Each structure stands twice: as structure tokens, then as C-alpha cells.
Amino acid sequence: MSSPPLGPRLEARKLKHLEVCLHYPVEFERTTGFERFELPYRALPESDLSRIDLRTRFLGKPLAAPLLIGAMTGGAARAALINRHLAEAAQRLGIGLMLGSQRVMLEHPEALASFQVRRYAPEALLIGNLGVAQLNKGYGAAELTRAVSLIQADALALHTNPLQEALQPGGDADFSALVPKLHALVPELPFPVLLKEVGHGLSPAVAAAVEGAGFAALDVAGAGGTSWAKVELYARYGELRHPELAEWGIPTADALLGVRRALPEMPLVASGGVRTGLDAAKALAMGAQVVALARPLLAPALESAEAVVAHLKTLLWELRVAMHCAGASDLAALARTELLPRRA
Amino acid sequence: MSSPPLGPRLEARKLKHLEVCLHYPVEFERTTGFERFELPYRALPESDLSRIDLRTRFLGKPLAAPLLIGAMTGGAARAALINRHLAEAAQRLGIGLMLGSQRVMLEHPEALASFQVRRYAPEALLIGNLGVAQLNKGYGAAELTRAVSLIQADALALHTNPLQEALQPGGDADFSALVPKLHALVPELPFPVLLKEVGHGLSPAVAAAVEGAGFAALDVAGAGGTSWAKVELYARYGELRHPELAEWGIPTADALLGVRRALPEMPLVASGGVRTGLDAAKALAMGAQVVALARPLLAPALESAEAVVAHLKTLLWELRVAMHCAGASDLAALARTELLPRRA
Amino acid sequence: MSSPPLGPRLEARKLKHLEVCLHYPVEFERTTGFERFELPYRALPESDLSRIDLRTRFLGKPLAAPLLIGAMTGGAARAALINRHLAEAAQRLGIGLMLGSQRVMLEHPEALASFQVRRYAPEALLIGNLGVAQLNKGYGAAELTRAVSLIQADALALHTNPLQEALQPGGDADFSALVPKLHALVPELPFPVLLKEVGHGLSPAVAAAVEGAGFAALDVAGAGGTSWAKVELYARYGELRHPELAEWGIPTADALLGVRRALPEMPLVASGGVRTGLDAAKALAMGAQVVALARPLLAPALESAEAVVAHLKTLLWELRVAMHCAGASDLAALARTELLPRRA
Amino acid sequence: MSSPPLGPRLEARKLKHLEVCLHYPVEFERTTGFERFELPYRALPESDLSRIDLRTRFLGKPLAAPLLIGAMTGGAARAALINRHLAEAAQRLGIGLMLGSQRVMLEHPEALASFQVRRYAPEALLIGNLGVAQLNKGYGAAELTRAVSLIQADALALHTNPLQEALQPGGDADFSALVPKLHALVPELPFPVLLKEVGHGLSPAVAAAVEGAGFAALDVAGAGGTSWAKVELYARYGELRHPELAEWGIPTADALLGVRRALPEMPLVASGGVRTGLDAAKALAMGAQVVALARPLLAPALESAEAVVAHLKTLLWELRVAMHCAGASDLAALARTELLPRRA
């Protein structure tokens, strides 16, 4: 594993990604699919809004609400700030935090500090992050373990992103033979491992391919929110080329339902375009254990932990209203709620 | 039951609700669903338009047409005027009138006069109104009976509105254990009791929950007309936040069909977005005994009884044309008419 | 049958109808439904465009093409001109002509001349026209026979139009007991009788009601073209009130398919929004014997017979192209062609 | 076969066609239908983008990618330039080239040179082109063979275009009895023969009609790309008349699926509106052996071979990305991929 100084090219690209995420229309045109479903409104809910119970457990840790802050890399300059604000928010809300890709940190030790947020979130569920394609570039159990232990994380998320990498100049586009590698590697690792996409979605076929590989959870990270294909294309050309590729992916609701059916017992994270408490409620009713969101937290994270907390409090309040008016006082009741097709 | 002077806050809020209802876009974007159905046009109807018979009975009283003026509170200052105009219109048209919530009147006796409209509508079916959530705040048979008898009403409508209350600052958001309370209370009451929503709809599940509780009728009060979530949100923030919550609810046609299937014998009121005679005809063909509308009558009611009468006469004329051209000379024939799906 | 001088009110109204038909948006928003079907394109049609055969017979007379000019009244002043141009065009094209309502002519003999167009169309199929509601106003076999014989017509079309009459000030809105009257009357009449709507459509139920009554053909006159409800509403108010009533009706394609299924042997005219040769081809493939169109011919008819001929030649050329490219060399082959649902 | 000097009328028309194709909105409004299908995104594709294998064989010749340049005539003045640039591009990319109609060349020998592009594409699959309607004008095996041998083509495409010809002033609209002629003629010809439309699509019925006639492949040339009806109408009137005829045709995806089902063993070309690598990938997954595109290459072909190569390289890169992210490393794997309906 070489360790050259943090090259200006990688640094520049990461910065550009942030700018693109903040200022370009990188959301999918296509929708998450949640809008096709209806949480049944129950005019006599038999519940008390002030006592809706959002508590749950995920990857062995208690959460005050079924919510993770989604993985976001920040570029060396701002990563430390972003990660700290996100960690403080996670701690205050009692929710989980997925960090952005730690590859930069493994390859450029000077970047390590920006990932070390455990001190700001002593009790939060903290999840590290690496790209699965790195397994074809020499990464193995040692590197993954180092990534987790250096930041005192509770778990590791491996992201798989063939479309993003294909559209990135010099992206890692060799995804060959990763499935057997994962089957061999994951059981070896001394911490829970999660598989996630970055916004184009996991399918039932992918779920089936990793069945038995030992993943602790899958994050479907479907289409309908941030399109990482769009981020790469805007970063590369300053305009949207190949718009059809940029809209490719499995809408989050379809990804969730598909993977849930393929692996009924696997804990699932619903992410990709989760924006409101009603989205979250529908995802949880469809069988997700927790939901995650990323890009909507980017601007708040650049500002302050309070801004992140405020944003998420609104979403959690909406989730409580949604559960209350659906007659679900806790997450177990919500999970039993049957969604209806939305018509008018 | 405490009785403080009519606080400026409650008064202010009610006023604000009126302003919002008059001047803000508080109608649902989503539709009632009536537009998905087609009243079958019958080119040889075998009927005479001048002899279409709209007479019916509801809650034991005869009505000249299957129509109720919907429940509207008016704020102390204007309630008296509004209620009087509505009562005079009901009397002249021979239709029913549902009054707005009487909570203010029970808690602030000086508001009583504004509800006492029996003298303007000596024969009309007059229906009182209270929120079901008050049953968790100390209200019981005594209060409900007092509400009805103080205004010489024929019946009482209990409104259930968990979404509205959840969005209202200081709203009554405790809806726990109301179903058993209703089962115990309603049979005790010496007048017919109706259960209604305020525009987000009753579902088959709610209908099933109150089966056998002794309700004389259910008013589905579905989505597609006035969104009380929007009213509360505009009143609170001056803008539309949480738009998804504001659009939540069961479209009136779906609510009607669902509740009709769940409780085939229960008399039903169709309300929420009923705007035209064709809407009314479809609702009656779907199994409603009567229809009701509220917000479209607010501006006329501030003006005069004549304005209310004129508005409703137009709707009733449309209803007669619709029945005539569907070959239904009376409401029994209309109830036997099978609607078609609307396609082009 | 009284015969007062042609009152200025009736005259004025008819004039107004013409103005409205020419200058107001009286077409339905809803479509005919033909756009939901696809005539199968056949890249190897085995036919010769120059030899497509449009000849047919209708009501016992040969037609050079399966086309009727639709019924249009013109108001005393312009009826003579319009009817003459239409008759000359029918003669030149070898097609049929349905005249507008002859009620004015029966009640005001001075209007007779404007209907006497046989001299301009010695061989054309000529069809008289009266409203079925007149049967409740004293009309019987004698009046109907007089209407036909005074103008040397080959047949009579009875129009039934409950929605139009309902929206017309002073309209004839008594349609009671017409079905038995028709069953008694039609078999008595010594000429073929056709039943038609005026643009809101005949349904299977109406077809079933007149089964066995002796009609020689039914003209479904469905929704999707001229809305006579709109014509009446614009004529009455200068603006579109009651828009839902104005859009009521059975789309022409649905009316045609429905009536065809109800009465498989009954000759059918498809009208209401037939605008192009492809519309005509689809209608003929769905089982119509002939198609008719009215309002698109109004402006040409005010101009000249040539203008009418030119308009209809374009439509007939399109029909021939459509038949050619569907591989149907004649109308029998077209009638055997199965339409497909249109998707993209 | 007469051979008058290249008449200014034919020449002028061809030029006009080019101008119309370049500057008028001749694309269908209706879509190819590919947008109704979804290539399944596979987040763990097990493939390496740099090793995606596009090689295939078609009509007995190897191709570096499953792609043909579509048939385009160019008018005498520019045909030579266009054909040369296209041929050079085909040679460089290792793909096939379908030339435009050779009728002009057979009837006006001075036009021959512009078709003789073998020297620019010594190894490319080169396909000649004639209209099937010429078989009713005296063309037979001799003329077809001459067309192929004069330009050293590997195969001949016969285009059938009844709608285009019907809309063209003086078009060849006699398509009678061509099916038996083709059954007699094609087996006689000493080179592979392909049947194609020009953008309105082949149907299962047409496929069935030519089953057993000896065609080496069918090019469905469906609707959704260039509408040759529009090209003719703009060329004739300068505006779009008969818009419904201009939109007639079988969307390419439907044509492909229909013909594939009718003739499961027949090699198929998918063309008509193929614009992106994802379109191509879907067509290949639906069972096409190769795809073709025409009009998007017209402007580049007027410029240079490089411009054509650049355009097609982009499409091939998109195709490789699509295959990679669908987990299909080669065309056999892509052909086994099952498409999903696209929903959100």
C-alpha cells in the first residue's frame, strides 16, 4: 500500500465533488418510488403523539431513532469540519453516523485526523467506509481492519459503485470476481460489515449473490435522491452528458422491496432520496431497520452541528406525526403496517 | 370543565383560520377520486328534468335534497353572522346544517348565542359538533348532551382529526384509547351521533373499529377538498411546510367506497371536495345518503343567506341535470346506478 | 301543430349557435378514444394505393365512400346557403348528407325552401332530421312523414339530446316514456329511421332499449368532437359554466365499441370528433358502416361547395393511405382488421 | 431499364430530403418504447469495464461491435462525400455500413462512382440498398445483382416503405403482390438479402409473410427516430400536414419484440431512434444481433470521417458502460439479460 503525499488531483476532485453536490442539479429526475405508496391514514389512531417511541437497535447498538447520517467524503480541507459537525449531531440525537470513504486516510496518513470523530460522538454508532473495488487493488482484511480501528468505528460499510467509477476519469472500473472475495473476506473481519451502493441501488440479484457472505446489513442506496453519476458527469464536463446513464438505477422503494423479498431476514438500510418523515415511515413499513440520508445534510454540516440537528429533528418530528396518524405507536407497529398503492 | 374568559389566543387562532381558508391555497393538490369515475350518460333517459325528485330522509328527518351544509367554526366575532346565514339558507332549501365545533361555547358561555340558530331554521336538521379528542380531556356524556340541548340540535357530529391536531401548536394530540370510550359513550347518548373527519378521510379500518358503537352515520370527510393540514400550516408559518403531510389523506371517493364496503348498512355522508352536482351524483351513486360541503360556502356565508342559497341552488340544479341525463328520476334510482371507470 | 311566424327568439338562438360553433372553444377537452387504438401498420401491404376501393352501401343506397356529412342547422338566414353547399358537395363526392333539425321548417313553412336541396343532390343519400323529444310535444307519424316527404329525403334521423336540452333556456327536457313511443312509431314509418345523439354518445343501455324498435341504423355521435353542452353554455352565458357537465359523454370509440357489442347486427354511424382519415379508418375497423362529421364542415359550407369538397377529399385521401398501409384494399378487409392498443 | 440523364427533379428532391433531415423536426413525437424498459443495474457486476467484449459476426462477417451505419441517400452532389466518410468510419471502427438507395445509380450511371466506397472500407461489411416497390417496376434478379456487384457489396438491403411512398408526390405506391415475388426472387440471389423499413416498423404479420422467403436478416426500422413520413411532408409542403399519418408506425422496441417472437431464429437489426448506448444495450438484450442508426450521423458525415467515428465511439463507450453495470461482459451475456419494466 503506497502512501504518496495527498496529491492535488485527488484533493481537487474531492473539492469539486462537494461544489457539484452543493450547486448542481444532481438529484435524479426519476423518483424513489415512495410516492407510489400510501401510508394508511387512520382517523382514530388510538395513539398519543407525545409518546411515539422511535427507539431501536442497529448493528448491536441502541439508537434513539431509526436514522443514520449517510456517508459523505469531504475533501481534506473541509472533511474535518464536516465530520465533526455530523458526529456531534449524531451524538446529540442518539443516531448513527456513516463516515465517507477512508481510502484517502489509508493512503495519506495526514488525512487521518479528519476522520477521528469518536471524541465528538462517544456513544454514537460509528460506521467506517471503503470502496469494494479496492479489494481488486490490494486491499484486504488488514487494511479494512486498520480503517475501522484507527477511528474506533463500530462497523464498516463497503460501497459498491460501478456506474460512478465508470464515469469518473481514472475510476476503478475493475469489479471482476469481487463476490467470491467478499465471501472469503467478510467472515474474517472482527466487526459488522455493511454493503451499500451510492445511489444507484442494490437489486435482488446482488442480494442473492452476497447471501451467506456474512454481511451484517445491506444499505440499498437506491435511485431518486443524489445521482452519483450526475455528480461525476458535472464534475467532469461541467454539464450533463449521457443523461440516460445518469438516470440509471433502481428506485429506492423498488430496491428495498426487492432486496427485502430476496433476503427476508437481512437487516436493511433504506437510503437514496429519503427526504421527509413520510418517506422514512414508508421505508420502515416496507421493512427497513433504519433509514439514511446524505446530501441534504451537506450544507448544514458545513455550517454547524446545530444546523444538522435542526434538519434531522424536523424529519423525526414528521416521522412521529406520520406514525401517530397511521396508528403506529412504535417501530414494531410501523413494521406491521401495510402500505397501500397511491392513486389520486 | 373550567370556563376562563374567551382567551385572545384561541380567538386569534380561529380568526386566522378563517382568513387562511378564504385567502390561501388550502385545497388539496390530490383529487377526490370522483374524476376517476363516470356517471353513465343515457341518451334516452325516460325521465323529465322538471320532475326529478331529490327528497330523502336523514337521521330521522326529511330533507328536500340530499345535502348538508358542512361544519365550519367562525371565531367569536363572525360566528354569529355565519351561523345565522347558514341556518337561514338550510331552512329555505330544506336541507341540513352541521355547526362548527362547540367547544368554545362550552368553555366560554358568552359564545353560546352565536350557536343558537334554531330560531332561523325551525325545521332544518341541525347537527352539533365536538372534537373526539376532548373525550381525553374530561368531556363525557354530560358535556355532549349539554352541547346538543343548548342549541336544540337534532344530532351531534364528533370530529376526529389527528393530523390537524398534530400540526396545530398546542393541539390535542392524545388520541389514545378513544375507540373503547366511544363504544361506551355513544349508546348512552339520547340523540343520533355522527363520526366525521375534517378532510383527511375515514378508512375501512376506522369504520370497522367503530362498528357496533352505535353511530347513526359516518361522514367520510375525505381528501381532495379543503386540507386542514394546509390550513394549520399556513396559519402557523404563513407558508406551506411539510407539504407531504399536508397532502396526506384518503381521497373522498376511495374513503366512501372503502367505508361502504366495510359497513354496508351504515348511513354515510360524503364530504371533502364535493364541488359540483356531478360530484354529488357520483357520491350518491356510490352509496352516500347525503353529501356535504364546507369551504365553498364560507365566502357566501359572510355575505348573506341569499348568497349561500344561490350557491347551493346551482349545485342542486347540476345534480338534477346529472340525474336526468343518467336516467335516474329519484335518489333510489341514482343509488342503483353503476358508475363506470373514466378513461379518456 | 301550431305555426306562428318564425319567432325572432328561435331565429336569434340558431344564429347564435352558428357563431358559437365558429368562434368558441366548443370541442371537448376529453378525446374520442381513437387515440388509444392503433391501426396496424403493414410494411408489405400487398395493395396498390391507386386502387383502394371505398365504395359501400348505406340505408339501401350506394355511396362512393363510407362518409356522411353530419347534421347541422343553420338559422333561417344562412341555412339555405349552407344546405345547398353541403348538398352539392355530397352529390359531387357521392356521399350522404344528414340535414339539420327540420322542426323550424315544420313550424314555420317559410323555412321550407332552405331544406329543399334534392335538386342539388339528385342521387345523394339524403337524411332528414328531427328531435326525439318532439314526440312528447305532439309530433307523430304524420309530422315525421311530412318532414321526410317535403324534402324528398331517403331517411330520417331522430336526434336524442337530453343534456343539450337541459342546458338550453326553455329546452325540451321531458324525455319520459320515449322508448315505448319509439317502439310503436318507428315500424309504422315508410322510410328508414336512424337514431343519433348530438355529441354526448349512445351507450349499450340505450342500444338495448331500442333493440327491436325497427331503427335502420344508430349514429353513436359520441364525445371528443363538438360538445353541444359547451355550445349551449357559451350561447347562454358567453362563458363556460358547469364545465364538468360540458365534458360529460361517452367517448366516440367507447360508444362505438359498446353499441357494436350490444347490437352486433345493427348498422352503425361513427360520429363525434371524427377529424382525420385515420380516425375514420379506426372507426370502420371497429365496426362502423360509415362515419360522419359536422362542425369541421361549417366554415367551408359558409364559403362554397368546393371548400366542402376539398376538406372531405383530404380526409378521404388520408383514409385511402391508411387503408393501403394497413393492407386493406377495400372496406370489407378494413372491417376485418384488428386494432391494437396504442402504447408509446 | 431506361437511363435518362439524372433529372433535375429527382436530384432536387434528394437534396431537399437532406435539407429537411438536417433542419426540420422530423423525429417522431412518439417514442421508440425503449424508455419503457429498464436494463437491470447490477451493483456487483463481476466485470471489468476495460475488458467488455463487443465483438460479433453479422451476415457472415466479423464486426468489432454490433453496429451498422444506417442507410442514407445523399443526392448526387453530396452522396460521394457522405458515403466516403461513412465508409472510412466503418472501416476504422470495424463495423458495418448500409448504403442508401442505389436506384439512382442503376438508372443514372454517372451516379455510380458516389457509391463505390469499397476502397475506403476494404474489410467492412458493406450492404447495398434498393426499394422493394421497384420489383413492380421491372426490377428483378439481374438489377439487384448488378447493384451489389457494381459496388462490391457483401449483401443487399431491400427497403419497404409504403407510407413514405404514399406521401411522396409521384411515389411508387403499388405494393401489390410483392410477397410472392420476394419468395421467388430472394432464394435466387447469390448474396445475403435483408428486408428493412425506413422508420415505420416491421410487424409480426410482415415477418410471418416473409418467413421462408430466404431473407438473411430483418431490420425492424421502427418508429421513434426519424419519421420518413415527416421528411416527405416537410419536403412537399414546408410544413407538417396530416400529423397523424406522420406519427404512424410501430415503435422500435415493440417491432423488435414482435418480430423476435414471430421468427425466433431470424437475425434482426434494431433501428429507428437508436440514439444511446443504453438504447443499444436494450435492443441487444431484446434479441437484436446488431443495431443501426442513420440520421444522427448525417451532419457528422457531411463534416468528416473523424466526426462520424467520434459520434459512434461515444455510443459504443455508453454501450460498454451499460453492459459493465448490467454485469454482461460480452454480447452473449447481454442477450441473456432480462429487461425489467421501467416504473418510476
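For reference, chains read A, B, C and D in written order, and residue numbers begin at 1 within each chain.
Just so we're on the same page, a contact is a pair of C-beta atoms (placed from the backbone, for glycine too) under 8 Å apart; a residue touches a chain by one contact, two chains touch by 3 or more.
In this text the structure is predicted, and so the values were computed from the model without any measurement.
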Chains in simultaneous contact with chain A and chain D: none
Self-contact between copies chain A and chain B, residue sets same or different by half: different
Magnitude of the superposing rotation for chain C and chain D (Cα, nearest 5°): 90
CA centroid of chain A to CA centroid of chain B, Å: 45
Separation of mean Cα positions, chain C and chain A [Å, integer]: 63
In contact (per the touch rule at the top): chain pairs: A-B, A-D, B-C, C-D
Chain D partner contacts - residues on chain C that touch it in the complex: 39-51, 276-279, 318, 321-322, 324-325, 327, 343-344
Residue ranges of chain A in contact with chain D within the complex: 30-33, 35-36, 132, 160-163, 165-167, 173-179, 182, 197, 200-203, 205-206, 209-210, 223-224, 242, 244-245, 248-251, 253-254
